[in-house]
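Quick heads-up: structures coming right below.
Shared between the two complexes below is chain A, which pairs with chain B and chain C, respectively.
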Partner chain A sequence: MTLLRVENVEARHGLLQAVRGVTFGVTEGEILALIGANGAGKTTLLRTVAGAHPLSGGLISYDGSYLTGVPAHRRVRRGIAYVPEGRRLFPEFTVEENLLVAGRRARSGRWNLTTVLEAFPALQPLRGRLASRLSGGQQQATAIARALMTNPRLLLIDEVSLGLSPKAVEEVYACMTVLRESGTTVILVEQDLGRALSTAGRVICLLEGRIALDAKTEGLTRDEVVTAYFGFHQARPA
Partner chain B sequence: MTDQWTVRRSGRATKISSVAMVAFGIALFAVPFGFRTDVVQQLTTLCTLLMMAVMWNVLAGYGGLVSVGQQAYIGFGAYATIFLTQHDVTAYLAVVLAALASGVLAVALAPLLLRLRGGQFAVGTWVVAEALALLVALDEDLGGGTGVSLRGLNTIAPDWRRAYTYWLTLGFTLLLLALVFLLLRRRSGAAIQAIRDDEEAAASLGVRIMPLKFMLFVLAGFGCGAAGALTLANTLFIQPQSIFGVQWSAYMLFMVLVGGIGTYEGPILGAILFFLLQDWFAQYGAWYLIGLGAVAIAFALFLPRGLWSLADDRLPFRLLPVGYTLRPAG
Partner chain C sequence: MNWVNAVIQGVLLGGLYALFACGLSLMFGVMRIINLAHGDIAVLGAFLVWSLTVHTGIGPFWALVPALPIMLILGYVLHRTVLARSLRGGPLTPLLTTFGLAIVIQNALLQAYNPDVRSLGGAAGDIATGSWRITGQISLSYLGVLILATAVLVLGGLQLMLRRTAFGREMRATAQDADTATLVGVPASSVYARATAIAVATATLAGVFLGVRSIFDASSGPTQLIFAFEAVVIGGLGSLWGTLWGGMVLGVAQTIGATIDPQYSILAGHLVFLIVLASPHGRSLLGYRREGRPA
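For the complex of A and B:
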């Protein structure tokens, strides 16, 4: 079943057109990685789906109805959660308070404080700690846990591993296993191509706001990814 | 399998301290029976300052709406009281109605001002305050630029007048503190503080931004209007350039910054400190104001969480149950 349908979507930053006529669908339970160089339009596309950035053209439908004009907080009630770039935790709140903000008007579902802390055991000893005093990996885990508290059907995660140490990246990707097992549909933006291809079942590569590649990760060759990523064929060694 | 977790809002110590604070607030109603009238009048001044600090903290500390124009509601509350007494409304009823009218003014201004962000919002609120001051100064019925006295209270014996004004001011102060407490206790409390920290992140978690900002804006308008009306009832005379003066915003900012922005107890502490500084050093004129500025800068640099943070970091419990604590169930 197609959960999200993005049709000919366009998004701008003033005069700059960041996303140009992008079309794709996401089926329920799928993990999709959005990759591309800096400025390719990945974050803008994700923010547009979340309702954090205005749509300049095209349509986005979710679970059979269009999202045009639906504000971000209503999209959350419909089951779209967004983990923004840089985690954006509430620094003056403790971990538990960050989780409770998200749970205050959550949809019904499997995720609540108990199940989230169970799924993210590393957060249990940190629950009383201020978010501003967490490490990068702990912050990302809290941000994903916080988004899960809204009981999403579609989870959008921006720049999963950006700025994290290799150990923290390991910890965060352990969270992805939880998401996969829970059957949550995920779109993640990732700069680490290796991680993206090993985690997602499908990958979309954006190049200057357009889709340069949309393929299953299984069987995808390095050449195909590099060509789409940089927009040119890599010269083969003689 | 881990334990089940439950959310607790308060422990035993918090409950005891909350009851003690409520009892202290109620006991303050007895002050006019045991103290001189000048003490009563000074406490009335302290209460009005406290109201202003709490309201500015609601806006800036909790809602992230840094206003430098709350004097618009202070002045409007005072002049609405004058206007109502000129139309044969009794003075104390006029004070109450003026506070409500200030809330209505905030409702009317909210669609315009809440569109603005950050510095634009700050400047916008100031512009509104200046515009209102000019309109009042042009109205001769309201005393024009020279000021106007409150009629209707001179028939009451001074001691009783001060006591009545004090009781009304204390009543409003406790009402506003109770409203803020309830706001923070409800589920909206965490959402409001989330908006302050990161509006976009809050929206991405399902927080409705505009209705909450609207609620804070109107509450602050009502509270500042009440403070203005009660300032008039306490001093009996106002001039547009003083009651609409930007110094009120500076005072509010000082009290909240020094006490502890974004905390419930901080503005109360800040208001008491500011009142004492005003009482001790106001005769030094410009040097007093320079001193206030220096203290505010020092706090912003070296103790940004304010005086309350010194106590809060050391207390093993919260004085009031406005936070969340997780405990294993059972």
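For the complex of A and C:
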């Protein structure tokens, strides 16, 4: 079943058109990696789906109904959660408060403070710590846990491993196992191509706001990804 | 003994200033806007209570029972119809909007009630004039103690609500980062509207105490706004307990000034405000403005 349908979506930053006529669908339970060079439009596309960026053209439908005009907080209640780039935790809140604030108006579902802390045992001893005092990996885990508190059907994660140490990246990707097991549909933006391709079942590569590649990760060659990513065929060494 | 009495009276007066200031502080803390119509809204509330008192014959404190819900609704509607739009226009727009709103309220009150001064003291009964005599030179007025107790209760209640309730948590989350709050399901606009409603209700409470304690007219609002603003700045922008402390410092400064010479009363308060503004504490407030967060 198609959970999310993006049709000819366009988004702008002032005069700059960041997303140009993008069309794709996401099936329930799928993990989709959105890749592309800096400025390709990945974050803008994700924010547009989340309702944090205005749609300039096209349509987005979710679970059979259009999201046009639906504010971000109502999209959360319909089951779309967004983990923003840079985590954006509430710095003056403890880990527990960060989770609780997201859980207050959540849809009903399996996730609550207890189940989230069970799924992210590393957060258990940190629940009373201020978010501003967490390491990057701990912040990312908290941000994903906070999004889960809303009981999402579709989770949008922006720049999963950006700015994290290799150890923290390992910790964060351990969270992905939890998401896969829970059957949550995930769209993740990732700069680490290896990680993206090994985690997701499907990849979409954006180039200058357009889709340059939309394919299953299984059987995808390095050349195909590089061509889509940079927009040209790499010269092979003689 | 005169000085001790001056300090005691100043602390009691500070309760009124803190009550005036708490709505201003709440709105700044949550929405980062300074409501220049705050004093006029307080006076509007006092006039509403005065009308209820005159037309129904009930005392001003009983008149608060219908007046507070009315002003809560007015605050909510004010945000939904006026402030929400102006918030989208950048930081200067709400300042201009509330300045315009202050002028509208003053002129509407002038039109509806004429320029005569009024008081709620007569309708309040003994509480407006009675006092406990502690020594020959020290007395505690019933009203002063009631106002201070109310200020502590209101500020304490608001603090408790912000720290301990889910709604308070949403309000603090919105104050920290409204965009992210929206992305975790918090309706920021509704949180803002409720904060405005609470601020308007507390302003009404302060306006009624002003009316019982002394006199008011259609143009009393700006003076109260200045005192409230000074209390907020002295106590620290956006801090509720700081607002109580700021109100008391301002009140004590004014009563000590008045003890030296009655004409120094208001001036002493302004001087303390300017000293605080020039101090490292004041410089940190200016840093707050530059960075958008406490320095």
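Here, the second predicted complex is superposed on the first by the 238 of 238 C-alpha atoms of A that agree within 3 Å, B and C clash if a C-alpha of one lies under 4 Å from a C-alpha of the other, contacts with A are read in each partner's own complex, and residues count from 1 in each chain.
Just so we're on the same page, a contact is a pair of C-beta atoms (placed from the backbone, for glycine too) under 8 Å apart; a residue touches a chain by one contact, two chains touch by 3 or more.
If you're wondering where the values come from, they're calculated on a predicted model, not measured in any experiment.
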Clash or fit, chain B versus chain C on superposed chain A: clash
Chain B versus chain C as contact partner of A:127, first or second or both or neither: first
Touching partner for A:52 - first (chain B), second (chain C), both, neither: both
Partner chain in contact with A:33 - chain B first, chain C second, else both or neither: neither
Which superposed partner A:145 touches (first chain B, second chain C, both, neither): neither
First (chain B), second (chain C), both or neither touched by A:117: first
Touched partner set for A:91, first chain B, second chain C, both or neither: both
Winner by number of chain A residues touched, once chain B and chain C are compared: B
Contact residues common to both interfaces of chain A (with chain B and with chain C): 50, 52, 71-73, 76-77, 81-82, 84, 88, 90-93, 97, 100-102, 104-106, 146-147, 149-150
Contact footprint of chain A on chain B as seen in their complex: 1-2, 4-5, 7, 187, 190-191, 193-194, 197-198, 200-209, 262, 323-326
Touching residues on chain C, where the partner in the complex is chain A: 166, 169-170, 172-173, 176-177, 179-188
Residues of chain A that touch chain C when the two form their complex: 50, 52, 71-73, 76-77, 81-82, 84, 88, 90-93, 97, 100-102, 104-106, 146-147, 149-150
Partner chain B, residues of chain A touching it in the complex: 50-52, 71-73, 76-77, 81-84, 88-94, 96-97, 100-102, 104-106, 113-114, 117-118, 121, 124, 127-128, 146-147, 149-150
